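Heads up, there are several structures right after this.
There are two complexes below, and they share chain A, which is joined by chain B in the first and by chain C in the second.
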Partner chain A sequence: MILINNKTKYDVIVIGAGPSGVSSAINCAKRGLKVLIVDSNHEAGGQIYRAPPKTYKSIPKNKLEENEIQKKMSIELKNYQIETAYNHTVWQVSPGFKVNAFNDFSTIQWETKSLIIATGTYEKIIPFEGWTIPGVIGLAACTVMLKSHHFIPSKKIILAGNGPLLILVAYYISKFGGKVDAIVDTCSKLDWIRSTLSLITNQKNFNDGIKWIFKIFLNRIPVHSNCKIEKAVEVDGGIKVKILNLKTGEYKNIFSETIAIGHGLTPSTDITRLLRAEHIYDEHKGGWIAKVDRFLRSSVNGVYLAGDGAGISGALAASDKGLLASTALLYDKKIISKKEFDTNTRKIKKKLDKYEVFAKAISKLNSIPKKLIENIHEDTIICRCEDITKKEILSAVDQGAKDINQIKSWTRLGMGPCQGRTCQYTASKIIAEYLNCEIENLGYLTGRSPIRPVPIDRVLGDFDYEKITKVEAAPL
Partner chain B sequence: MTQTDIAIIGGGVNGSSTGLELAKNGLNVTIIDKNFICRGASGVNAGTLTMHMTRAQLIPYAKKGWELWMNTSEWLSKEIEVEKKNGLCLAFTEDEEKLLIERSKVRKKYGADIKVISRKEAQRVDSNINPNIRCAAFCEMDGYVSANQTGYAYSKALKENKVNILENYSVSEIEYNNNKYVIVFENGEKLIASNLILATGVNLGKTLKFLQIDINIKCLPQQLIVSERMPKIMDTVITVANGKLSLKQFNNGTVLIGGGWPGIGNIEDNYTETKPENLIGNMMLACHAIPKLKNSRVARVWLGLEAETDDAMPIIGEIPNFKNAYVIGSIHSGYTSGPYMGKLLAEKILGKDVDLSLFDIKRFL
Partner chain C sequence: MDLRVSSYFDRSKKVNINVNNMKIEAYEGECLAVVLFVNKIKKLRLSPKKKQSRGMFCLMGSCQECAVLIDDKKVISCNVFIKDGMKIKVGDFDKQQNKI
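The block that comes next holds the complex of A and B.
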């Protein structure tokens, strides 16, 4: 058995080495706390500043600003002598706190007094007919391919969904020599113009946005506003895509090789749900989120939420949110005074307020039009791990299933390897619309270990039968 | 205030089977659950329908229960996955071999058609088992039911038989006067019943206190492990000599590992938590039995709270000193027998001559 019981007790374990995890780890280490930061990737950076694959000897071409920031993050952690556990996937966190993770060889358990959860978000995709065929990928996944791996998914691509990732991905695809056949956006051009005033509050991102849009104009990429993908079918040499104008009801066919689609992001709540923390539903913050106070303390004592985990505010706000959460932790542990806590948090909050305006505008561009849900065909698969269609979900509702966990039990929705991360949002929307109720009333999927599938051989290794813990025989 | 002939508190397999049978016989039945039908231990059970893990004295009941499960389309629902499989109970060491032979003999005495077979014969039954076993016990009467589907199946069947279902109703008090039961709910509503059946599983100790009856019901937080979908790696239900493993592959390819390795849990706040070291022990035993399982990944772990009396035998039958009040529960490895036990209690209530003396609650009073 290779369950390694690490005897070191940490003051703080930070889960997730993105910008918020790194900033909170540093803030704690600066004050002399024993910190461990865990991440499943092989270096710090998270999603936005994701490190290129280990097998890359150097980044081929088009070195990006993100790659530089990423390097700095890894170096900073080293400089502050923060213990890192890269390549470790957390699969179980229990109260007290015990963190279980596995890497390529074994599984390990660490103990800590406090936890900072900086596990970010995952992407939200509203299903359409054919979204599970090969060649359909996530828009955020496409961003990782471009910015970290430096390759394009195919020569020709359709970008669909909504929000700023559409224009960002369009820009990088063009930059790396690909061709965007179309942008299919559920928003109208007016929605974009309306958001300008708010978006401008974040000068850096706004300027980037302008640069991206300019490229889209320059490359004459057709933009289909108020549109959604209705259906995609595999044909010789690519994918035939039928798009629907949500306003006019008109259809159009486009042909391409790949589709990258995304409708914004959902905060990752795997660990907080496992710890039975309280959660609330906030559509603008991405869906179900852990309930936090003004300083990002969760409802579980000693658990703090850094970054986008308790509501989406974006990468630039992430490091400040990490500072805020860790400052609360330092104060709770009586390491900093009330005065220092007040001064520091006031400063951070002021900065964060500015980002919130920007985040709200982004969330508006990522909002899900009602029609997008209504329009889902009844034979469309919603839970792709278990192949559960909209029809099957609604038939369970008709039979009297009243909450999302009952739907799970009756239909197997959310029982696959992704544990409902992909389908919970859409399934809840579908049911809420059908029953004409609030999503809050449906609840959220109970957190279950392991939060990522655990390879059995890696946990067990080679073992002798005699070494298996002896348990009392069941009564005869 | 609403009235009913029969009020059943607890909508698990025990309560629902009893209620279904009574409703089919024309009685007006109300089932009350603090959550949903079959959402407690009944919905998260391993669903193993085996003689190899059944307590010897319960074998005659388990056999009847097994037959009911294999015939769900006739009395419950067509839409529930129940499979008949051969059952193999494995012994890896000399001690286990002894234990297996001894236990099989006793179970056989009580009517289970179990025979001890050689390694070679066992491999012919299922070529996927560990070739290093010493021997195995074989029984054709084995299989499984997909426990997560019971909620759907029972809900539908109960509704079709006009059973009144009160879900999300927590009982705060039971008053007994003029031979009637007034059930008071936390939401303030009340229900009057002529007959009362308590079937609250792990909460039976708590519920019996409403009638000033104090018996000890242990809470066993059992862990279950399910793999992601795999190609076919086994074709039997596997158990081991000491009863601490149940293993089977469902039609969708997932493999369910159970056997009663405890996690952490309590009934006070319905909290459960996995115990990694016991998950690992349980997985090792499973991989030792079916080596191909090692190539899989664990998709999900969950816990169910099993009820057990001090002698690990069921309590079924009349509650002394109360007219028309009954209890059903703590049926050790009771998933197999559950539907039959419910049917028996229903028959007793309907006035048939049924002997439930083995399960009399008086033994604890």
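The block that comes next holds the complex of A and C.
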């Protein structure tokens, strides 16, 4: 059944039901706006507080904090009678605004006057030889497996990359009774110690971090600091991993079943790129981000950015960023006065400034050492969807391709099902290093729909042949 | 070793799914990509040019690497909740897929 003609109009559509999406939707609904919140998951929560499957029944005496926060978010949306479109994946947004999404059965289109984009982030993973082997997964994938699906990813696992997810995943695996073979961190222990002064500004997250590190000590998990994974090879019953010490140049081999790797997060810009909003490059905020003003308005009238989509600052800041974006929207729609706008935004900004100190320290721990890019072997696949290697990218550059879109049309990089989400960051870094230029000069991949693969039968719809507008064929 | 963590949630009823004609036990509503992964069914599909095995990677609907065939339709398995009797094909399924 196709519902494409069944258009429903809203004042505001919020895309993404994570912490920022939920807080902005509630803020708008409180003021009487007709709000719809869309998410591809079956409940609110986003990735950070992702809901367990519906069939899981909670055991009252044991509670996981993240699951409790998630429950509250879904309940709050219900209390404010906000319309939800869970299980709906957005695949196209066009000016005006028309939002197209699909679920398991059909395609649907909604219309809205304003858009709040709260699509969060996805994980940045710098390739190494063998990163495409099944059994190499993202650190963020591990967090979803542990906290939402309640599975230990693997009997034996190596955690690699950098930043807070390394210690978070190690903590949860240990807490749930699993075993971590090793942590391979590109940062040094000194880098972590140096960051404490900034990290302590966010007491809640800092305390969590200390708890996680304590567990790693207690479980005697070997930590290889200043190290990166150089190569992974499939062997009988697992993966042989060669790690390189970035300082000493020494190699070491470790054996495991699974590798989980991640180098921080990068904002999802799929929809703002589709809408031709302006974007800027900010390494500390995760890469290319939509350009926003102080109140999170994008360069496109009526489009607001909430949460990490406008630069990474973490889950606690996300809900405040949702408040800020929606307050700007309410003011622009003349629903609240200038005075109310000023008072409210001043309060929110004050809180957000505090989180920025924390966010900067995290971004430092997640920074990508130059060697991580330089060391990528020329035969390593960069674009996983289309099997494009570093060598193929550089040979296109040699032949004259000077921006990322030209690389795309010459090599097919970023043309596959993921639309460049997995490879754009690394490809740009590789080219910038090769040409000795800034990433800004290479541009970003032009947004193209569908931003997620959509089954063609669901887009086609039901129609009578007579109703099709026939166009004269071009003369030969 | 069962990799399921059962201290916070009770699973629903036990069901069987069929993966390349092999019977796999799981609980109703569990995430398909995760169940395949912990059952060591990691090679889900082949890459288009080099025909290398690929498997679950991001687990949040971004990378599209965990695509499998369910009832001959291509879907990403990270967004699929297990139902009793589900028929799944993994591996070199482009050959197996019924092309229109």
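Throughout what follows, the second predicted complex is superposed on the first by the 447 of 476 C-alpha atoms of A that agree within 3 Å, B and C clash if a C-alpha of one lies under 4 Å from a C-alpha of the other, contacts with A are read in each partner's own complex, and residues count from 1 in each chain.
As a working rule, a contact is a pair of C-beta atoms (placed from the backbone, for glycine too) under 8 Å apart; a residue touches a chain by one contact, two chains touch by 3 or more.
Bear in mind the structure is a predicted one, so any value in this text is a computation, not a measurement.
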Practice prompt. Please work out whether A:K231 is in contact with chain B alone, chain C alone, both, or neither, and reply first, second, both or neither.
Written response: neither
Item to complete: Would you check which partner chain A:Y122 touches, where first means chain B only, second means chain C only, and both and neither mean what they say?
Response: second
Worksheet item: Does chain B (first) or chain C (second) touch A:L476, or do both, or does neither?
Response: first
Worksheet item: Between chain B (first) and chain C (second), which does A:S94 come into contact with in this model arrangement: first, second, both, or neither?
Response: first
Discussion item. Between chain B and chain C, whom does A:F151 touch in the aligned arrangement: first, second, both, or neither?
Written reply: second
Worksheet item: After superposition on the shared chain, which partner residues are touched by A:K364: those of chain B (first), chain C (second), both, or neither?
Response: neither
Worksheet entry | Partner chain(s) touched by A:R276 [first = chain B, second = chain C, both, neither] | first
Worksheet item: Thinking of the overlay built on chain A, is A:L460 touched by chain B (first), by chain C (second), by both, or by neither?
Response: first
Item to complete: In the overlay, answer first, second, both or neither for which of chain B and chain C A:M415 touches.
Response: first
Worksheet, complete the sentence: Intersected contact list for chain A, partners chain B and chain C 386, 416-417, 453, 455
Worksheet entry | For the chain A and chain B complex, residues of the former touching the latter | 1, 3, 92, 94-95, 98, 100, 107, 109, 276, 386, 396, 399-403, 405-406, 409-410, 412, 415-417, 419, 448-450, 453-457, 459-460, 463, 465, 468-469, 471, 473-476
Item to complete: Under the touch definition given earlier, write down the residues of chain C that touch chain A in their complex.
Response: 1, 3-12, 27-31, 34, 37-38, 42-44, 47-50, 52-65, 67, 73, 79, 81
Worksheet item: Of all residues in chain A, which touch chain C in the complex?
Response: 40, 42, 47, 52-59, 62-64, 67, 89, 122-123, 132-138, 140-141, 144-146, 149-155, 176-178, 268, 381, 384-387, 416-418, 421-422, 452-453, 455
Worksheet item: Within the complex, which stretch of chain B touches chain A?
Response: 36, 39, 43, 53, 55-56, 92-93, 99, 103, 106, 148-149, 151-152, 155-156, 159, 167-168, 226-229, 241-244, 252, 260-261, 271, 273-274, 276-278, 280-281, 283-285, 287-288, 293-302, 312, 332-333
